[in-house]
């Protein structure tokens, strides 16, 4: 019997039509599931329905390994894309990082404090700087240098390690290398990146310098899923902070570090708790 | 036949149990209603279910004057409290104001621009200052002085005018008089007030002076429904702005004016579009 | 004798060196001026000094028509650019607007309430929509259509009207026409525009549609001085509001209207109270 | 000779009068000091002048151990209170913590990353939970239990340890014990606390529960200097985050943790870089 707090989470998207919510809730209720959260959203422009349902596993009469079969008629008749998650299954996260450590420190602290229902499977870096930090948390650290003419080979090594570690998703915690399209394709909507600007403003390198030069009065950070197009993937979360002429580039970098780690952590939390659906390069995030 | 954009809005609260959403959506769908928005929320602490459903009136097979009868069995079996609204019915708002005009100006502008699907039925004030402003908008202005020993009588006059004007709700747009419990009771959850602080901080008079004296680094404004307890009604909306030691009381008042009018207008919009449910002195606002 | 509250405001920029603040304050103090505000900032990257000094005119021993002569030795020895303003002189503002009225309503309300120490000299529009609104405030309204093949001529007409009205600066309150370089050049750092995005993101037309398509989680508005390069002038003020997948384009437009009018009004206030210096396409705004 | 980047920082407050800035800058300039930052503020209500001056030590002709004598005539004639700091002297911070670790983790990370020019001299806790965390950073951890009938004795032990460690200031990083007036008096304006609400709202225990019950739409955190009156000391920094009816108490606690650690860290940074003056239970924070 599952513990009282164990839940199942169903994420659904499909063409909008009459009665989808009724069908979904009837299905869960019909198997004696107590729905504890139901969020739904209809994109009326494109006619697409999105929903997230979470129900208590206690008393739920349908074993989850029969879910697929039982749910097939509803899913097929509505042309649903869907995913089923269980809160009892702890996702395994890989972290990729370069020299700047503030996001890595924050992720390690949250995991160690038990703030997130997830495990860090491994940390990969193109620099050795954070080896001892990671290792003292008891987490494998892999230093894989990225020589200019050896990137493809290094990526192969990374992919091999990630597969071996059975990771569920990847967090780029200020990882300053551009991933190849092949790498990105291997983890669709499963690579989270933090970009240190308010995208689409200041995409690319040195955004704080660009923000300073443009004289903006607010700076930001953006967490997004990585796609083949640099800094153009679906945005998960953004936040900003007010600055003035008094803040130089170094101040923007200092203030931005806090934005980066908080925005990234909110995105990770939403991903971990299965709250994100993507569609047409946009995200639906059910909070 | 209703115009294509006309909708009906059902607001529901009841004890939480299995299958409410399924029952509600089956009911609307069963009468050929196309649900265009469905928001629901369960207060799991108290076990209360809240929902807002909006559906297109075009093609809806149940005449709304039969709704009550048809819906009774669902409503009764779930012990629902519910309200039905139609987007085609423009609510009638009364505005009460004292000397400060910034919220009144903002409300008049939004109404005149067509930003809100509502009409201003009348404006009441204990001062004559804004008579010509209101009258040039073609709206009745009633100057009802509030002499210290004649408040009860003045309130009777106000109530009489409000009844004659068939108003649906009242906006206190920086109205600096305290309403009697009898007045408040006459319009439950239908009087919106803007308080010029971040409640519960600085309730009562002169909140900007109190905020300055306390040396806060952020000031705020709060829109809430008026109840018999001063500044303690259910909060609808709040917002804040950062200040520093450089801002004196006059600056706080100046910056606060903008907060007040924007926060009040967001609350009015939520009320007008039937997005607010109240429960245990809290609001559920479906955005 | 000036009224007690009348002040003079000196704005200065020059190459940074030792002793500028000492020289400035000694000069004012030496003429018996009581400095009530002194803000200074040094751009240490470019070595430029900026200051704003405000002093009480009461008791100030130097008649302002002799200021130029008396101040020349300090100004010349430090290669200062400087401007002197008096709080007793009410600036004259022209407003240019197209069809959307929310910023115009807000500006009219603030002026009528006495919130700003300024006068609206005239309102120019390429549409007649707001004629009666403006005229009922007792302000001249000029409808100057902008036919595709008659823009140059229409601009000449505008310039003629603006000169006749002896205006000090121009506010583009959602004016949807692009000004010619000649027009812009006639009013350097004296044309304020509100752009309905968080610049540099979404410059150009239809920014809310672009923001929706990109799926951003925060939208913004930007007030800036107009330069020959569209949407690229020095930024004066920006603000943002959080949105989610639930907000469609129409919601962004609705929420953005409030941002636009507040951000524009803050920029106007800073300009009116002589708080803005520009340098290298950036602004120094002394709050 | 000091390194090029070493600076001196002078914090001054005194009754406002003509010529203070001139006198201060003439003094520094007269000793060949290059002023790189000068912030000043006059509280015109109470007639108090505040300033922060920072100048490059390179080339400064007055040895700092003679500063007191040389500055005395200016200081005395203006009745100044003043403090002199040197950027080259790293302050020593003590951290006091209870069970919740998120602020402690954040402080350790910032110190280890070199983000702050300060050292953690020791960590004191009434629980042993974080002993190994602190010790793996090479920092002394002292577990001093707080038995209900042994608080005075435990405080004596704390004071003894703090004196031995030659600490400059104390950070209460979610330390859930109330300090005695004697303890507070020993470190005036040198104990920073983070309170998990938007003070003065929700002072005292369990502020997130109180915020939930009140139904606020925004929650906050407040960093302040500790005084004898609980949660009433001078506020250094505050920040907020928007919430809705969907967030239960657990969500407020989760979101609040991030606020707490960021707000506390900003206050520590301002304290470390000698940007804070206090007056009448308010702070002047020169950013």
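When the chains are written out, they are named A, B, C and D in that same order, and each has its own residue count from 1.
Assume a contact is a pair of C-beta atoms (placed from the backbone, for glycine too) under 8 Å apart; a residue touches a chain by one contact, two chains touch by 3 or more.
Everything numeric in this text was worked out from a predicted model, so none of it was measured.
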Both-way neighbours, i.e. chains that touch chain D and touch chain C: A, B
Just grab the chain with the largest centre-to-centre distance to chain D, centres being mean Cα coordinates. B
For chain B paired with chain C, centre-to-centre distance based on mean C-alpha positions, whole Å: 35
From the C-alpha centre of chain A to that of chain C, how far is it in Å? 42
Chain D: positions in contact with at least two other chains: 44, 246, 287
So in the complex, the part of chain B that touches chain C is made up of which residues? 101-102, 105-106, 109-110, 112-113, 115, 133, 136, 246, 254, 257-258, 262, 265, 287
So, in the complex, the side of chain A touching chain C is made of residues 41, 43-45, 198-202, 213-218, 220, 234-240, 244-246, 248-249, 281-285, 287
Please name which positions on chain C make contact with chain D in the complex. 18-19, 21-22, 25-26, 29, 32, 34-38, 40, 42, 44, 242
